[in-house]
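Across the two complexes that follow, chain A remains constant while its partner is chain B and subsequently chain C.
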Partner chain A sequence: MEKYLRDRTAIAVFILPTLLLFTIVVFNPILQTFYRSMFEWDGLSEAQFIFFDNFTRLFQDRLFYDSMYNGLLFAAVLVVLQIGIGTFLVLAVTDSAIKYRKFLRISYFIPVVLSITVACQLWLSVYNGEYGLLNKFFETLGISYRQDWLNSEKGAIFAIAVVNAWQYMGYHFAILLAAVKSIPEQYFEAARIDGAGKVRAHLSITLPLLVEAYRFCFVLAITGGLNAFANMFIMTGGGPGTATYTLTYMMYRSAFRVNEFGYGCASATMLVVQCLIATIIINKLFGRESVTY
Partner chain B sequence: MKKYLSLLAILMLGVVVIFTVTACGANQQDDSSGATEKTDGINGQSDKKQEEPVKLRIYAQYADEDTKAPYDYAVEALKKEMPNVELELDVQAQDDGQKLKTYAATGNLPDIFQSGLDIINTFKKSDNILVLDEYAKKTGFIDKMHPSAMNTLYADDGHIYAFPYAGNELILLFYNKEIFEQNDVKVPTTYDELLTAVKDFRSKGVTPLSIFAKEKWPCVGLYDIFATRLEPEGIKKLDQGKAKASEEAYKQGAERIIELVKAGLLPKGATNLNYDQAAALFHQGKAAMFINGQWEIEASTKALGDKVDWMYYPAHDAASVEKTKYAFSGSGGPGGYAVSPHTKDKELAVEVAAFMSLKYAECKYTRRSNPILATRVDLPIEQPYPAMMEKLSVDIPKITSTTAFAWGLSNPKFKAALEDATQRLLTGSYSADDFVKDLDDVIERINK
Partner chain C sequence: MRVIRKKKKQHIFLQFFLWVYAFISLYPLIWMVFYSLKNNDEIFVTNPYGFPVHFRIENYITAWSRYNVPVYFFNSLLVAVVTVIGTITLAVMFSYAVARMRWKLKDTARIYVMIGMFIPVQVIMIPLAILVRDFGLTNTYFALFIPYIAFNLAFSTAIFYGFFRTIPFELEESGCIDGASIYKTFFSIILPIVKPAIATVVIFIFLSSWNEFTMALILISKESLKTLPLGLLFFQGEFTTDWGAMGAAMTIASVPTILIYMLFSEQVENALTVGASVKG
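Let's turn to the complex of A and B:
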């Protein structure tokens, strides 16, 4: 093995297929998107090179800032609900005092395997302004809080983000659960001997040792929020008006409704840049030395 | 090691460059081949080929009774007329033409496809649609057109790109007479009466107006109804860049919708209702009014019988009731069955496309009691017109102006902006000033 590891040609040959695949499938489309963002192009006719005009226009477009803001809100909801509640549930199902833990573990993961269309249709019924379960629930409790959940310009994005958070929380739950399970039991035993309660033990041992898992979960949640598309496409069509647009939706609108592929590519380029910046920041924040005991 | 990795990186970059360059090159090649195909024109080879079995791919609407029945009727007729031609149906997706544009971009256009103004405008620039001027004369299609529907045949540049079947369709405001009578509400003739009716219905727990605003064109239609009370050309004038949204007619249209929405015009979640949900509210007697095209007449008559009728749009004020009574929203535009310039046998494909359009219209007239067609039909109708269609057919010659449906707008940028802005109006939280600003920004950019 060591002989192969010293052989640079062998290393190059072994990584070549993966590198080639990555280049073709990931790197090439990103470069093409950037290249095409410098054209005025309807997707079919001959493209006209306009250099950075699409970006200049993008930075003056109110829809761009609204879409970016919605993406950030969406990401924030995902972080709070998926990672926050995910952590809470993980700590709950790893506690031996909780009954039916296996059943709960499976239950939390079930929404992940549902089709996104099914999940959205389900929640469309829940959010229905006239007959929806949520309004009926408030009505049953005698609370006067009837809302037009998806028809609200300010509230619709939160309503949609909750659907995504609900569906994929199980995924983050699984990642965090695996990380908690990998913490040696003797750390907790030592904490108990030292007189630490459950909360103290989790704060001092569990959470610090989950940093690597959190890093991964944050990257997934934030980039997932920034480029959200399917939920709003199915549930509101980006509406009312443009109230639930994200950059991905803006890209779709530019390319397929307005026939401005170049402008759509500029939106996509900004989305890639945003996701890249978010990933770098997350890595910086979580990049300190791993906690060891 | 670093040296090897650097070499690898350079190699990968090379791969990317090659991919990028070849992708662009392929596109240009496709475009030029398209242009060559288009200039070929009629090649006179079809007589011989007509006798051989031919399979043509057709991209057509086939979603509900109103689209399935005419298509099936036309296909049956085609089997008798041209038994050697077999049609392979590719069902049209409700996706703003995305699938069809992808077909065009990948050089995989169906031989015949249904097209609207957006597709015509996009495809003619990239030579993906056959110019049918000569064929329309040769097949005799032009002679069969209704003189009043020639606007559905010719595009803005004076050329023919599709064989139309639909005529100048209109947006109608349907209402349930029984609900109005039971609640002692007057059928509104002016805006003020409409506002009163909305408040009355809302106070009695009845939904005043049902609208399937998840599709954005009915939102545009509703807005156009109010805009046309002061400016008969409505949204068409904005689309053509001849007017600004800041003008009184357009700003007031927005203000009136906002006022009505705040008074409770719409059901909860209106911007999320699809046709089935919105129509169910009206057909089941839960909503007093319903907005749709005149093609709704059949479904509403079936559901509500003689309880349903359509009303003239409520006028700006009492003085202008008669003056604006026949200023309708909606109209037709160039569209119908178009032909790919890349099809193997252009003459045959054109002949089939023209035949399908004629038969499509024939079915709509004889079997679906729809006289609003692009082409003349000499056959008798199989069932009498519903009362609402009778009333409309009497009024059609009196129409003083029409505008356009959202899909008939010529500029996709303006269309998208108008659709988004009018849908936002239905939330009641979007101000008329913002509406005007957003639209005028787009209009200004388009006309720059």
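Let's turn to the complex of A and C:
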């Protein structure tokens, strides 16, 4: 048995393909991103080592700050809409008297399984200035609120964030619902016996026990917001002007539009730093210790 | 009495909120399916919201025959299936060696691969594009197969590792006593047992590679290799005048994943949210 589980050839056969593939395609590129951020390089000719010049340039680039600000706005919208609405829906749906619970769950989750292109194209038609559902809707209500949602400097980033929030709210809903379900029934019984109302019981029992799930939801929503790319790529192309740029978008443009690979890698490096800081802050705020029943 | 009335009010309010959000969540999709069956006149003027009066199936025929939808559809399917098979083959072997076999650096190896779960694809996009170019894989199917498999390894390994830790060691002992080789034991005893975990991973990988957008955008530019998320993107220009056909193409692209979700709704929710417990 010992010999059997220590068979070196077998171990090599089992692990080498995975290790090799992971190292070449995932791990090495991470290091490359950091390393290349210190070069001036167009991706083809000889790269030139320029140390931290890309970062100095980045810190003087207005677009960098705008992109970062947009990422934070995007993240804030996701937190409020996805986690906020998700929490409320989960608490409401666990109420034992609600009918058609299965139908409700399915309708919240369906947008999650759509392709992001479909979600964005669909909302492009919803937002369409002339024929879009939203403007038609205001028209029908008799409110003159017609506007070109995605062409407004200030509003476009929110309009895009709403699409992402709409699509992935169900994901947060499912995570929180699973966490609520894992809370033992006795806890609620005890609260009921103590005379706590439903709201009170949720506030003092359910929510505190969801810390772990919330920690994950916040990391997901905030890093998701900072990383946002596909939504703006499909819906606005970063515009109007540069109003919906994010760091990822900036990186994409540097590398694949104007062939500044080094500068793009510097943006990517800053993205990693931001996501790390965000994750560390969230972990601090939520505490690392997990609840066991 | 008052308490009951207050409860009732609260209850009605909750119900109302739940149904309103269900409407917000579903209606845009229903609207899409509706307009895929209308012509422009109906979409823009006569019947923008409601059920289509004449079912204009020809929109689907247009989307399917005149544009590249069948090609995109086939590519998405091929890429998803190959990614599923490739990832599972590698991840099951790796996590078996890491969870059950005895060697020195097994924990280091496991943690190393799991780092992958915390890497957003955006961060490695540039070196990945160059890597694919340098290996001469640009505009081949392998430009998608290989990165997709590599990226799904971390998550799948985590799931299988968790699963392998829960099954008793007597299983290998019986194989050992029967004189079977470790490979034989692996295929005939271990694999059948790990099936439930495989189901979860299949659903997760299939959905995520069917819908993957960012890597495909960077790595594929040839029309005949585009997957649905990429192909539909460029419909925008061609179809702006024909909303019906655009709606039809989007509906076609969504049917497989929605169907999978409808059939296995609970497994899909578990598969997609299991990352929460693995990463946490």
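The rule is simple: the second predicted complex is superposed on the first by the 260 of 293 C-alpha atoms of A that agree within 3 Å, B and C clash if a C-alpha of one lies under 4 Å from a C-alpha of the other, contacts with A are read in each partner's own complex, and residues count from 1 in each chain.
Operating definition for what follows: contacts are C-beta pairs under 8 Å (C-beta built on N, C-alpha and C of every residue); 3 or more make two chains touch, one makes a residue touch a chain.
A quick note: this is a predicted structure, and the numbers were derived from the prediction, not measured.
Peer 1: Tell me the contact category for A:191 with respect to chain B and chain C: first, second, both or neither.
Peer 2: The answer is neither, since A:191 touches no partner chain.
Peer 1: Of the two partner chains, chain B (first) and chain C (second), which one does A:162 touch, if any: first, second, both, or neither?
Peer 2: neither
Peer 1: Should A:93 be classified as contacting the first partner (chain B), the second (chain C), both, or neither?
Peer 2: Once the two structures are laid over each other on A, A:93 reaches chain C alone.
Peer 1: Identify which of chain B and chain C touches the larger number of residues of chain A.
Peer 2: C
Peer 1: Just checking: does A:79 make contact with chain B only, chain C only, both, or neither of them? Give me first, second, both or neither.
Peer 2: Neither chain B nor chain C is touched by A:79.
Peer 1: So, does A:241 touch the first partner chain B, the second partner chain C, both, or neither?
Peer 2: In the superposed model, A:241 contacts chain B only, not chain C.
Peer 1: Look at A:11 in the shared chain and tell me whether it touches chain B only, chain C only, both, or neither; answer first, second, both or neither.
Peer 2: both
Peer 1: Could you say whether A:24 touches chain B, chain C, both of them, or neither, answering first, second, both or neither?
Peer 2: In the superposed model, A:24 contacts both chain B and chain C.
Peer 1: After the superposition on A, what does A:42 contact: first (chain B), second (chain C), both or neither?
Peer 2: The first partner, chain B, only.
Peer 1: With the two complexes superposed on chain A, say which partner A:108 touches: chain B (first), chain C (second), both, or neither.
Peer 2: second
Peer 1: Residue by residue on chain A, keep only those touching chain B in one complex and chain C in the other, then list them.
Peer 2: Chain A residues touching both partners: 8, 11, 15, 19, 24, 27-28, 32, 43, 124, 130, 256.
Peer 1: Any idea which chain A residues touch chain C in the complex?
Peer 2: Chain A residues touching chain C: 1-2, 4-8, 10-11, 13-15, 17-19, 21-22, 24-30, 32-33, 36, 43, 85, 88-89, 92-93, 95, 97-98, 103-118, 121-126, 130-131, 133, 136, 166, 169-171, 174-175, 178, 198, 212-213, 215-216, 223, 227, 229-230, 233-234, 248, 251-252, 255-256, 261, 264-265, 268, 271-272, 275, 290.
Peer 1: Looking at the complex, which residues from chain B come into contact with chain A?
Peer 2: The touching residues are 1, 4-5, 7-8, 12, 15-16, 19-20, 23, 28, 31, 95-98, 101, 104-105, 118, 122-123, 125-126, 128, 214, 216, 267-272, 412-413, 415-416, 420-421, 423-424, 426-427, 429-430, 438.
Peer 1: Taking the complex as given, what residues does chain C use to touch chain A?
Peer 2: 7, 10-11, 14-15, 17-19, 21-22, 24-26, 28-29, 31-32, 35, 43-44, 48-49, 90-91, 93-94, 96-98, 100-103, 109, 112-113, 115-116, 119-120, 122-131, 146-147, 149-151, 153-154, 157, 172-173, 176, 182-183, 207, 210-211, 213-214, 217-218, 228-230, 232-233, 235-236, 243, 246, 250, 253-254, 257-258, 260-262, 265, 268-270, 272-273, 276, 279-280
Peer 1: Along chain A, where are the residues that touch chain B in the complex?
Peer 2: 8-9, 11-12, 15-16, 19-20, 23-24, 27-28, 31-32, 35, 42-46, 62, 124, 127-130, 132, 146, 148-154, 235-243, 253, 256-260
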